[in-house]
Every structure is written in structure tokens, then in C-alpha cells.
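In the part that follows, the structures are each spelled out as C-alpha cells.
In the two complexes below, chain A is the common chain; its partner is chain B in one and chain C in the other.
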Partner chain A sequence: MNHSDIHTFFTTADKILFLLCFALIVFSYFHFWQSTAARYAIVKSPQQEPLFIELNDPGIHRIQGSLGISKLETKNGQIRFAASACKNKLCIQSGWHQHGGAVTACLPNRISVQLTGQDATPDYDAIIF
Partner chain B sequence: MRLSFDMQATPTQIAMSHDDQLIAGFAALAISIHLLESALPSPIPGIKPGLANLVTLYVLIRHGWALALNVSLIRVIAASLLLGSFLSPTFAMSLSGAIVSLGILWLAWHCPGKPFGPVGLAILAAMAHISAQVVTAYLLFIPHTSLFTLLPILLTGALISGTLGGILVSKIIERTDKLAST
Partner chain C sequence: MTLNFSNSLRFISIILLSSLLALNGCSTESKPVPKFQETVFTMGTLVEVTIIGEDEQLAEQAYTTILDDFNFMHNTWHPWQRNALRRINSLLATGADFSLAPSILPLITKSQTLSKQSGGLFNPAIGKLVKLWGFHQDDLDNIIEPPEDEEIQALLKDLPQMSDIKFNNLTMSGSNENIQLDFGGFAKGAAVDATIEHLKEFGIRNAVINAGGDLRAIGSHNNRPWRIGIRNPTASGVFAAVEVTGDESVFTSGDYERYFEADGKRYHHIIDPRTGYPANKTRSVTVIHSDAATADAAATALFIAGPEQWHDIATAMGIKYVMLIAKNGDVHMNPAMSKRIQFVTKQASIKISQPLQ
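Right, the complex of A and B next:
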């Protein structure tokens, strides 16, 4: 393709449109690929109803699991397992979690923690195709 | 599509206009391309060359808006019947993409002075198509914001396929015009 071909394919408006779309795409990478801060944690355990915890309220939540009590600590929009009745303490070693969509769990104690963005209650429990 | 029934003729005869013949021919072409395309493997779900939509674009440029609308909607419905995806999630995505991209094409086509060439129209249609599909998927099937993480990649794909598709349509129009003049 030689140089004059480009001009026969693209009108001035086409070129402007192409550049605008390109800019929009670059912007979309920055906008959508930043993980959003979470506001709530949904805590599930076999012993109780799902519990919604506000991450900005500092405090320690005692959750009853299959083996015993797990302590979940919240502070500054973050959450972590501070203590757990499990053997390996992997949940505690995974540290603080703050990104929306993140999931952490203490499997032996059967407690899962899911971080969500702005909505505390999702519309669907599960979707199957 | 215009259907008129001649009451004198037996049993019933459908008077077919030249436009109807064009719609039928182009819709058949678009359906064939749609079926062939659905058999192509794709590296990322959602990224397709969008060749069937190029038929719509060609019809829009050479035969006008009304015919393009007919060809596009017939293509979406007939191809879904043939693929067995009629009224399935795939169909909802396909239809919403087609309707929104037709809407955008209508706006661009009726811009004063018709500033856009085939490439511009193809880019607009492709970007509108994929955006509508992602929004549909979000509203109906996967109501989670992490779905939009896919959007930048899909838009990149749409810009590339739109640009290449537009160039292809320019070439095809060039050829068919040459054929028509000889």
C-alpha cells in the first residue's frame, strides 16, 4: 500500500474518528484495569447467615467456624484473618485484602470472605449457563 | 420488506420489488458469512473479524439505510435459527449489537455533509457493536463490574477489525463499481 492509498481510504473525519477511538481505548485501559477499592466483605460460614461487614469500620469480628472461632480484623477499608482455629494459619499469612472482587478463606474452618465494591448485596447468588 | 398481495392471481402471488431481491441476495450472503465465521476459532471470546457486518456496511453505502436495516436483522435472526441459538444468550448479544450498531450507523450516515467514509463507518459500527454486547452481557448475564475489565481488549479488537473491514469494503466498492460501469 503506498502513501496515496491511505488518503483514498480515510476521509478527514475517518482519521479524526480513528484517533478519538484510539484515545478512548488508551483511557479505557487506565480506567477499567485499575482495581476498585472494596467497601464491604461478605463473610460466609456454615454456622451462620452470610454476614456483611463494612470495611471502613475498624474492629474485630468473631466468626464461628467448623473448628472454632476465627477473628476477622477490619481497618481502613481492609480486612484480614487476625486469628483462626485452623492448623496451618494460611488465612492469616495471606495478610490484608482491600481490592473489590478479592476472595480469601480459611478452608479448614470453612469461612470464606468475599470483598465487594459498592453493592453490599449482589443481585444473583450464582449464574449457570 | 414490502409484501403486497395481488388478489386477482391464484393462489397468492407475492409481488417482489427490485429492493426485495437485493435484500434477499445480500441477506443470504451475510447469513453464509455469519455461519462460516461462527466456525472460526477465536483467541479471545468476543473477538471476531465481523465480516458479516461488512455486508451491512456495503449495503448501507451502495443501497441506503432501509436495505441495510433489513439485511442486518434478517441475518441475525436467520443465522441464529440455523445455528440453533435463537432466543439464547448468544442471540440476545448478537441482536443488541446489531441494533445499536445500526443506530450509530444511522446517525453517522445522516450527518450533514456525510463526512465518514467506509473506514469511519466500519469503526463506528464495530465499536458500537462490541460496547452494546458487553453492556447486554452485564445487564442480563454477568452483573459484575469485573466484566468491564474485558472492555479495553474488546475495543482494541473492534478498532482493528473495524479499520481493516472498512478498507476491505472500500476495495469491494471500488471493484463492484468498476464491474457495474463495464
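Right, the complex of A and C next:
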């Protein structure tokens, strides 16, 4: 089938219909199937007001906890405890977190980190460990 | 021929377009519903409460109430603080009759049943052994070495069981001087059950309470099941997910929760009552059951049972959904669980057992 055949086979209405289909498929992909990674982290500590952190802004955030300072690192839509005043360092060992709905914490330092999207549906309603 | 070909394509396009439009129209996420979510430190862990589709004032009121519940249970059931449990432990050791303790009685009776079903693998009466290992403190970094084997064997000689607690009308007594109750994670499970029942009394229909991995969910998330992620026991991130709806608990017990390291070796908190040492064949166990306390007790028992015995113990405890990750990384599941678990990361070896009866 050469270029002129295509014009013969498909009417203008066909082409509009195909375009509509294509646009709807693209829209549906992003609306239903695209990964819903978190965009923000809500950080809570008894020592300070809740803090909202943009996960795509690379940086180190110092959070005052009950024992001392915990450092939260953000990079590429992820967050992790990079350092903490606790002794066991379990929070650091839990590694990077990126799923919407995930909650992680440094229990001894009483700092919790809850991942959330702005309007996005989280991947999980809760995460158990 | 040309006309037919074009008509066929047109027909397919219209069907596709209609389907996609219908799919968009059917989205359960399209209508925003009120969502109340709070996290709080209590019961020695981070407790996350999610309530969906309720008036904010009602959700706030219910949350405040169950927060009081959690704090009361934490203070009453804590294994090494000066509280009602400590008083009962000291009285049980004397062997004398004493008045029933209403705040702890339900925990004792339920754990007696579960301990018997588990063949003694779930045994909250071994608080002395847990204490000997040093787990009766918040900061495990203070532990520099495991206990002497002689001390462990001395306790194993006359190991207390939950059946050593006797009831006589309005009094109770202990028949083993070594009884020391430590409900561990089971207390969290029981607390989750109690607070979910309290939420129901408030008229809350859709909620999740997640107490550091001890989770119970009721209802659904705006007409879709609740999606629960299960953390990877060996790396960061989620390795599997499960959907729950109606009223179900999902509980995971792992060797990564509480542990200390000495001489380059890791010692975790799940003690095998048969050997007196941390159970060494399992990395984590996930159980789905109707109530959280049973799920919690079963996860502990199955963790100790390990890859060879988990099926027998799960059958005896009436558990229908189990996933066990062995020390070597093998994933063991019963067929019903394998239908519900969705792995996010590839698993090297998955072994499906016979169905659980």
C-alpha cells in the first residue's frame, strides 16, 4: 500500500476517528496505568511543625527529633534517612522510599515520614513491614 | 473490497472508542471522597490510621477515642514497665491465688487458646527468656553479647507454658515460678482488634489501622479493595502487594524488626521456645486472617516453625493464607495465598504447598 492508496482507503471521518482513538489511548494510559509515585513527603516530629518536602528537589533536610537530628535525603522522587541520632540505624537501613502511601519512621527519634502525591492515587493504602 | 476494509476498521475504531470512554466513565477514583489520615507513636511503634468516606468531625472524634485506647493498652500491657502486667507477673510467680485482672484477662485467655493450637510455638509465657536475651529494653545497642548457653538451658529445663496459668472462679494463679508474660507483638494485634471494633461502634465503615506492620482493614477504599504493600525483608522498597476488602488483617513478622549484633552475628527477637535461641530458618512470614491478634500469633508461630513445619501449624491454627520467606530466599505459599499475592519484584524460587484445610 503506497501513500496514495491510504488516501483512497480511509475517509476523512476515518482519520478523525483514528486520531480520537489514539488521543484517548494516550490519555487513558497516563490516567489509569502510569505509576503513581509520591511527589511529597510529610515529615512529623514532636519537636517541630509538620514539614512538606518535594521529593524531586535533591537535598538534605535536617529534622529535630526527640534524641537529636535526623537527616532526610531527597533525590529523583525518593526519600531516605541518610543519618539519624538513633543508635540502631534501622531507619537508615530501610533505604529509599518512593511509593505513594508509604510510611517510614525513625521510632527512637520519633520522626515519621509519610509519602503522598498531590492528586495522584497512591500505589498502596498502607505498607506493612 | 476497499469499502469493506475501511468499514471494518471504522467498526473496530468505534468499538475501541466506546470501550475507552466507558472505562473513563467507570473510574472508581473519579469522585473524591473524604480521607482522614493520621500517624502517631504509640504501642512502641508508628500507628497509622486511615478513615475513608466519613465526615471529618466524626473521623476526628473516632481517632481521638482510639488514641486513648492505644495509650491505655500500651501502658497496661507493656512488658517491662511498672504496670498491671508487671503486678500480675509477680503474682503468677508466687503460685498463690489472686483476683482476676480484667484489663489483661482477654489477652491471657486468647493467647492460651492460640498457644495450644500452635503446639507451644507461640508462647507469651517465656518473658524470662526474652528478658535474658536483652530484649526488655528499647535500646538494643546496649547488648554486647548473647546470654550464656547455661543460662538458656536452665530456663528451658522447666519452660513455662500458657497452660500453667489456672483459673478458679474469680481468681487465677500460676503453677510455674518462671512464668513471665510478654505478649510482644500479640499485644499490638489485640490493640488493633479492639480499636477497629471501637471504630465500628462509631459507625465507621471504611478504615485501616496499621500498627507497624500489624494491619487490619474494614470496608474498602471508595469501592475498590484496600491495596497493602509488603516491605522487602532484605532490601528497601515493596516486594509484594495484596488486596483486602471486607474485614481482614494482614500481619508480617520478620527477623529485621528488633535485633542486635554481637561478634558479627545478628540475633533477632523471635525466640524459639524449643531451643531458647532466635528461630533461624525464616526471614519473614505474612499471614492474612480475620482478626489481627490471631494473625499476629500465627505469624510468630509460623516464623518459628520454618519452611518444614509451617503448613502443619497453620492448619492447626485455622489459618488460610500464609507466605513464608525462608532464610535461603525461597518463598513458600499455600495456593489460596498465591492467588492473592502480587509480586512487585521477581522471586527466584516460589514453592506452592498443598492447600490449607
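By definition in this document, the second predicted complex is superposed on the first by the 83 of 129 C-alpha atoms of A that agree within 3 Å, B and C clash if a C-alpha of one lies under 4 Å from a C-alpha of the other, contacts with A are read in each partner's own complex, and residues count from 1 in each chain.
Quick note on the criterion: contacts are C-beta pairs under 8 Å (C-beta built on N, C-alpha and C of every residue); 3 or more make two chains touch, one makes a residue touch a chain.
These numbers come from a predicted model, not from an experiment.
Of the two partner chains placed by superposition, only chain C is touched by A:Lys87; chain B is not. Of the two partner chains, chain C is the only one touched by A:His97; chain B is not. In the superposed pair of complexes, A:Lys44 makes contact with chain C only, with no contact to chain B. For chain A, the partner with contacts to more residues, out of chain B and chain C, is C.
In the superposed model, A:Phe10 makes contact with both chain B and chain C.
Look at A:Arg110: by the touch rule set out above, it reaches chain C but stays clear of chain B. Touch criterion met: A:Phe18 reaches chain B and chain C at once. Judged by the document's definition of touching, chain A residues 8-11, 13-14, 17-18, 21, 24-25, 28, 32, 101, 123-124, 127, 129 lie at the interface with chain B and also at the interface with chain C. Contact residues on chain C toward chain A in their complex (touch as defined above): 2, 5-6, 9-10, 13-14, 16-17, 20-21, 23-24, 27, 29, 37, 39, 41, 44-46, 48, 50, 138-141, 208, 210, 212-215, 217, 221, 226-231, 235-238, 241, 250-252, 254, 256-257, 286. Taken together, the chain A residues at the contact with chain C in this complex read 8-11, 13-14, 17-18, 20-21, 24-25, 27-28, 31-32, 44, 80, 87-88, 90, 94-99, 101-103, 105, 107-108, 110, 112, 114, 121, 123-129. Note for the complex: chain B touches chain A at residues 89, 115-120, 123-124, 127, 141-146, 148-149, 151-152, 155-156, 159, 163, 166-167, 170. Of all residues in chain A, those touching chain B in their complex are 8-14, 17-18, 21-22, 24-25, 28-29, 32-33, 36, 100-101, 117, 122-124, 127, 129.
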